[in-house]
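This report concerns only the one structure given below.
For clarity, chains are labelled A, B, C and D in written order, and residue numbers in each chain start from 1.
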């Protein structure tokens, strides 16, 4: 395994310590593993908390800050946080207006956040949960744990964060977060497997001429393997998968995220975005906003995900609203 | 070779086309290979132009925009742009106040920009050149082409860009750019080699347990090979190399960039930053600003560079000034 | 089962997941995200410390503390599941000693909790496929007057059997379900750790 | 040398760098950034088109056009160097035909331009180490009344010799100099392309 690290066991703490040193406007509790805004909860504002396994940076810790999250609780690598962490984060985020939990739909995340929500409730705190489940590689049926939460998490956290900053009430913030998730679909392809510090070797072996199609963000294998093809062929399949699941009519407006998995250079992501833009234009869909870069990663995996979110009433204004976090910043 | 691409020959054009589609506030000429602000030269402002081989994204195209560059000219991958491109960029950037060329110190870049500067001069344009040469892995002697320009380019382009935006005159903008370069030193380590689309395979073979120390940003081998060691050992050698070349006294203030080469996940970069911060603290140097992320990359290379720039009078204010580019944004 | 045996059981699980950490991780890497070994090791190492540090008044106190520790240290799917399971079992054993049949009832309560929380049916390729047959075997032997070590050994064998039976199954719950047919042909990591849990009980009781 | 031969020379270079693109790229990957093959191929393919499309009045016009095209198409270090070299040579050959000695003088001017621009000395492990001996050999043969094909063949052989001699050298100019001692033991890519340039002249003249 080739990584900048000291020991596999200290990887996460060391990385969080560096994150803390780099961002004095955030406060990082290395003990409780909770990242909050240094200034604390914002009086009169609904709190926004998210978290999940680590290894997806900048998600979620990198999205704590003005206009987005109030607190994040990073779990072990690819392991959802424990209820204590989440409760700790809720306490830090709750100004009395209640807290929205943004949870990616994985069995572990859902169970741990549910337990945390119960505990927070027992403390008399109002908590609403927004489940993110945008990955169409997983059919949403009784034969699965349901669609995974992936690239759309960026959109949900930004847009719900802006709604909270604007002063929306608990139920309203949760509602718009759910609308964003409902309007979003994603699909991912991996060119290489990622290596977790503890495993020390790639999660799966992928021949030099094959790709994993329909992968998640935890290094798990995808739905199937395919021969590596041209970007235009791969992307057209990805866009089909996304739009077959949730068709967009000609004339529709969309926010598109081309998200790198961590090991893919920006120039490739732009190349992919160019293909997506052309395909959507063919279908008469106009992209009103876009984000191209590493947002929801999978350690050093080479690959990308494509997220298409129909820009419903109000989404773009909230997307454009000022945000100041390590991973996303404008207007401030 | 595993990349999202159509053909090696179209890689650059396709990536630029995607970049153009993603950033409507920039105008990208795929013919002349020049990226400019859509609104064109800013009346009364000194123009800022940079360029170099492609494969270092977001550098330089991603730094075109308010508060930073007026135009960039991306060459072929790892190949400096041709004089025509540079002249084209100068024409687009020059509002009559003259233009500063920011050139990374490589034989090819220097010669092509020099030729361009001559041509622009023949058109009666005032041009000043700022050479960036921060990489201490290369000794600055008659036995080499001189130190390479690497991570400090981010600082020079941001700070000189802010000076130009503030209304500084041609000589002043060039002068502060040179001061930033003179105050900066960098050193890089690679864990893997990068693969150019045309070569189709890694530039050098690196055993699973070895790293290249003192690499540049063009996939060239470094000064030497070493066994992979712990992050704290590697980083402490890197920081020593940087500070031995340009010592900082206790009490000095610095701007630090921990720059990813393209294939290294953000969590590792933060881990590295944590080590750097601790080492500088030991030496009594306080980091007043930092940037951790992918800024000056080398395609898919895994690795990072550390840049330490002494924060001289005025640097931090100009660093903090509003900037709105695809690769760097705040305050706007 | 007395307090010391309960403690010994937790220590035996800790030793087992420490030893098989890699194997559990590889099983999880094949159809999940590869962290199950680390999760179990982290959780039970903490549980061993916790139950070692306390002076429990009851068998249940040991198991409840184990469950609470797992919940607060593991995360992922297995944390809440094993954690709640041990807590549910602990609730049922309020005395200093527990008859084998009482232990069986406690294990049944634990299984119920796993079913309730995770919603997995038999055959979904989860820990339930090892947990359920183990509890059945335990209660059967206990019901016919068998000793704890006998019941535990039967449970461990049944769990191993259930684990083996997960290989041909297609996962319908948890991460492995994302793979669809590709989950077929692999053992379920959680079923594998469950088999370790019951084998550890047999060892502790046999000693 | 007449206009047609000048054109044939450029075409021969184009064919050679097309054929050896990979090899030049690998030489450059070893001690540089691997783009020399692509650079030469891109540049001379454009030059072949350019000189094919024009109706030149002089030998020099062909070489000047070649140089201008290289400058505007290649980039990197080799673009300005080869481009300026061909332009310098072109300036000296204003007539429809050029005597072999005149060609030698033009080649000397080209070499001077490379030296001036790049500042490389003999032994710095650059194209100069092939260029300089080639020009010496050419002018020597031309000076003693040799024909163009004879002079060109001598130049090509000297360039090959100069190329071979770059292997043990440590680079002092260009990217390869960044490697310090690690540049020793490799041929210089630019010297390799220079050898192709002179071999192409010999072929064209011999034909």
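In the analysis below, a contact is a pair of C-beta atoms (placed from the backbone, for glycine too) under 8 Å apart; a residue touches a chain by one contact, two chains touch by 3 or more.
Given the structure is predicted, the values throughout are model-derived calculations rather than measurements.
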Geometric centre distance via CA averages, chain D-chain B, whole Å: 32
Computed distance of Cα centres, chain D from chain A, in Å: 54
Centroid spacing, where centroids are CA-atom means, of chain C and chain D in whole angstrom: 75
Residues of chain C engaged with two or more neighbouring chains: none
Multi-partner residues of chain A (at least 2 other chains): none
Touch-based graph of the chains, sorted into line, ring, star, complete or other: line
Every chain pair in contact, whichever chains are involved: A-B, A-C, B-D
Touch list for chain D against partner chain B, complex: 25, 29, 31-35, 38-39, 42, 71-81, 117-118, 170, 172-175, 177-180, 182
Residues of chain A defined as touching chain B within the complex: 2-7, 11-12, 14-22, 54-55, 57-58, 62, 191-192, 208, 211, 228, 230-232, 234-235, 262-275, 277-278, 287, 290, 292, 294, 297, 299-300, 302, 304, 324, 329-332
In the complex, chain B residues that touch chain D: 53, 75-84, 106-108, 111-112, 115, 137-138, 142-145, 148, 196, 198-199, 203-204, 216, 218-221, 223-224
